[in-house]
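Below you'll find the structures, each written out as structure tokens.
Across the two complexes that follow, subunit A remains constant while its partner is subunit B and subsequently subunit C.
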Partner chain A sequence: MRRFSSLWAFLFLILLWEGIKLGLKIPEYMLPSPQRVLSALLSMLVSGELLKNTVASLFRVTWGFYLAVFTAIPIGLFLGRNLLAMKAFTPIINFLRPISPLAWIPIALMWFGIGDKPAIFLIFLASFFPMLVFTMSAVTNIKPIYFRVAKNFGLKGRELYLKVILPAALPEILVGVRITLGTAWLVIVAAEMIAVKSGLGYLIIDARNSLRMDKVIAGMIVIGIVGLILDIFIRQIERFPSVEWSQMRR
Partner chain B sequence: MGRLETKKIGLESKGHFHFFKRPRSEILALFLALFWLIFITLLHFYISYSESAPKRKLLRIGFLPITCHLLLPVTLKRDNYLKTRIDPIKYSSWPDMIESLKGGELDAALILAPIALSLQKEGVPVKIALLGHREGTGLVVSLKSHIKRAGDFIGKTVAIPIRFSTQNLTLLKYLKENGVSPDSLNIVELPPPDMPSAMASGSIDAYIVGEPYATQGEFTKKGRIFLRSRDLWPNFISSILVVRDDAINKKRELINSLIKGLYLQARWVEKNRTSAAIITANFFGLPEGLIRAVLEKKEVFYRDLIPQKDEFIQIGKMMKRYGLIKEVPPCRLYLEWLK
Partner chain C sequence: MEDKILVKDLKKIYLERRAKRRFLSQCHYKEECLVLNDLNFRVKNGSFTCFIGPSGCGKSTLLRIIAGFDRPSSGEIVIDGKRVKGPSKRHVFVFQEDGLFPWLTARQNVAIGLKERSKSKEEWDSEVDEYLELVGLTGFENHYPHELSGGMRRRAEVARALISNPDILFMDEPFGALDFVTRLQMREEMVNVHAMFDMTILFITHDIDEALQLGDQIIVLSDRPSKIKRDIVLNFPHPRDLTKGELQEIRKEIYYQMGLHVAL
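Now for the complex of A and B:
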């Protein structure tokens, strides 16, 4: 009973949904019943539609997110160490950061056409700035004593980055990676609302255009489930010794 | 106390963690991340591109799943020559399709006539080649709103698909002709598929839209079609086919056969409305009963599809009159396919 407490909570949510629907007599086109949604989910699973669209979404999120992580971390490490550069670029970063990826949709469509590229671009934008800020703050938060010790040992340049800065900033960066992945997955629906022929976002928009509310909700459920699984995996990052160590240190 | 703890951690990170576990788990994670990248990329290309892999089709045409664009699915279903050469791209909103057309991603598109005119005015190299249909737009009012004449619209919320639509122009024309100022009601832009449910939930009182969403409003039993386009604007035009100049230059023959194909299939549609409805419902993924109702009740027509310059000048003048544009746009037609 206690072990499956979260399953019971989900069950309660479904019962609440059914109850509200029956109690308030909400018609099918406003809120489909759980059974309808489940059967839509099963039929999409059997037809392979679900697999295809989930894979397409994961593909775009993976590329957009990786590109962001592997560009933002080096830039962040560099900016975090160069006070002048950081001072110069921080206003630009803070200016670009609050612009929602949604606002970039028109530009993304014109620059990248249709297909995977604009969606990857939007996910990249959504993950790049948070990742950059996390990395920069991770570097600036490194205790000055580390640098003094490094100086004593005569560490410079590449060695200083690899042996001192990166390991010291890594715990905070990894926490940033985890939070950023959540953001990237959050943006997928918006990114796929523009002309692509696959993906979970497309599934929802397409179902809406075909007046199939049951498929819309089924798509939402799949997004939630995949998000949950992604979080379980990325949480393993917190069990890295380097991160655990930094948490103990606090 | 504090000193004791630091000592313990120090020991662990030196002996066990630092030399053995720490490098391993992070490098392992990097490897897993790389493996995931390769795996998901291959899987995506395997699933998504194995079916449509044969060859990239020659001509890309954008459309929306509405009956105004019915000629495209019918033509692709019935014309084998075009089927293998045309790549139809489905959009869910007008702005997205317009941006693709501007960017040159699409060679041709079915778009609303006022959008085409304003694109031409902006200098986007497109020409108007064919009309998509005639009629097929309805002003739907909610049963609860008790709208019976033009004056009843005052203070109500009415949805239009997009400002640059003949639907909007029709509504404004109707209001003006009946002495109602458009400022006295609340006009909102809403994607067509959302309109019937927005009305059912009471957030809008009426909407004007292309089929099948007007008939869908009647299907929900919350509204009725108050006026049809033909009552307000005889031979009403909304969606038209535009082609990009570069596509005309590079793929002239294929463009011409596409336009001819659409034009010829229109005649078949007029004679076989039920079959056309079934083809379209399957292609668009819309309920068959709904599309059949629209076609069988003759809400929309597929005749007189050759664009006439004066009709577009008329639309341009209306756009100017209602403040959508500052001057009447030049209208560029492409009629060479008729030869």
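Now for the complex of A and C:
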């Protein structure tokens, strides 16, 4: 029954939507009815428009996100272990971090032109800084006892990183991955509204230009569903036994 | 038996960094704090030495200095005729806190203590399993620390220390966090372990009975700045009956030295 409870909540949301629309007599061009949105969703699914754009968005997010994760984690692991370096770089990171990735759009277009590259660049920027901060704090939060034990048994250098630092920081890093992936997915839509001619962001902007609010909402729904699925995927990683420990002992 | 460890005129002064807050800035100054005051003692090769003293008296500091993790302010530590300059792989610590890596299984954790990296995986595993059996963890090889009880985790840690074949085993209140009965079991097992392995054990405890049960030598330390109050040698065979006359006398003596008069 617990699994179905969330379905009931979704159903309630749809009924609320229908109820408000009928009760306040909102015209179709302002807020389409759930049935209209559903039929728009189905027609785009049949025409392949939906799949094509979802794949295009996922492609960009995957590239930008992976690039960020695979650069930010090693740098974060290193900085987290070197107090001096961390002290030196933290102000720079905190200066760059609050600059919205959207503010980078003009520069991204200037540097990378039109196409996938500027969008990937924006996703990279949106993911890199949070991932770096999460990794750094994960490393500084490692219990000192683990370092003492490692020293005691002569673990040094690469071995220390692979056997102790990375696995000890991993649960917190994964929380960072989950939150950052959510952010990346937020940013892709905005990036696609400007730089490219495909993707879910483009689908929404294109539908708005032709005044098809049903397609706009259908696009939003797909964005939500994909975000939900991505989150479920990462939650699965957190269940691995070598990561699970952080939740067990509290 | 010859001397394994010789501690000569050991003094440790900590410089405590204190901070005074001022408007928008902090002013730091250092304050000297004498922890260990002129300690002199010897530890015989292959013996089991227990350290007892009030909490915060510097027992852990003393052990860390002997192991080479910390430096004395003056005086010296001599092990096997050589002055200690830094940590050695032959000196293994079992810490007060849970020191197992929670992301590794019991078997993988014990394997951390293995030093010969050249062996094959099978040889490696069978050696690890041998030590797990020794501490009674057969059947739990693939369990993660959070799936083991407190006593089992301690056992795995002892196995990890033993497999690295240490010369000196340092134990800093290893059973302090365990319940009473588990503690008694661990005591018994330590007696067996010490009989089986040829190593010198330095053991910190708060539990006077634990020290009486295990120690060949008991060193009673005073409050900070710590001095040696008593250095007692116990020549009793194991297993020991603590209700026996002579051990009772020693127990009374230790209680008295620690300033406890009514606890008996």
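The rule we apply is simple: the second predicted complex is superposed on the first by the 247 of 250 C-alpha atoms of A that agree within 3 Å, B and C clash if a C-alpha of one lies under 4 Å from a C-alpha of the other, contacts with A are read in each partner's own complex, and residues count from 1 in each chain.
What we mean here is this: a residue touches a chain if its C-beta (ideal position, glycine included) is under 8 Å from a C-beta of that chain, and two chains touch if they have at least 3 such contacts.
What you see is a predicted model; the values in this text were computed from it and never measured.
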Problem set entry | subunit B versus subunit C as contact partner of A:M193, first or second or both or neither | first
For this session: Tell me which partner A:I14 touches in the superposition: subunit B (first), subunit C (second), both or neither.
Result: neither
Exercise. With both structures placed on chain A, which of the two partners, subunit B or subunit C, ends up touching more residues of subunit A?
Worked result: B
For this session: Considering only touches as defined above, state whether A:P241 meets subunit B (first), subunit C (second), both or neither.
Result: both
For this session: Would you sort A:L109 into first (subunit B), second (subunit C), both or neither based on which partner it touches?
Result: first
Exercise. Touching A:V55 in the superposition: subunit B (first), subunit C (second), both, neither?
Worked result: first
Problem set entry | First, second, both or neither for A:A85, with subunit B first and subunit C second | neither
Exercise. Which subunit A residues lie in the overlap of the subunit B contact set and the subunit C contact set?
Worked result: 170, 241-242, 245, 248-249
Seminar exercise, completed: Interface with subunit A, subunit B side, in the complex: residues 9, 13, 17-18, 21-22, 25-26, 29, 33, 36-37, 40-41, 43-44, 47-48, 62, 65, 89-92, 95-97, 99-100, 102-103, 105, 193-194, 196-197, 200-201, 216, 220, 284-287, 290
Problem set entry | In the complex with subunit A, residue positions of subunit C that touch it | 87, 89, 92-93, 95, 97-99, 101-104, 112-113, 115, 144-146, 160, 164
Seminar exercise, completed: Per the touch rule above, subunit A residues touching subunit C in the complex are 143, 145-146, 148-149, 151-155, 163-164, 167-168, 170, 241-246, 248-249
For this session: Can you check the complex and tell me which residues of subunit A touch subunit B?
Result: 27, 29-30, 48, 51-52, 55-56, 58-59, 62-63, 66, 105-106, 109-111, 113-114, 170, 193-195, 197-198, 205-206, 208-212, 236-237, 239-242, 245, 248-249
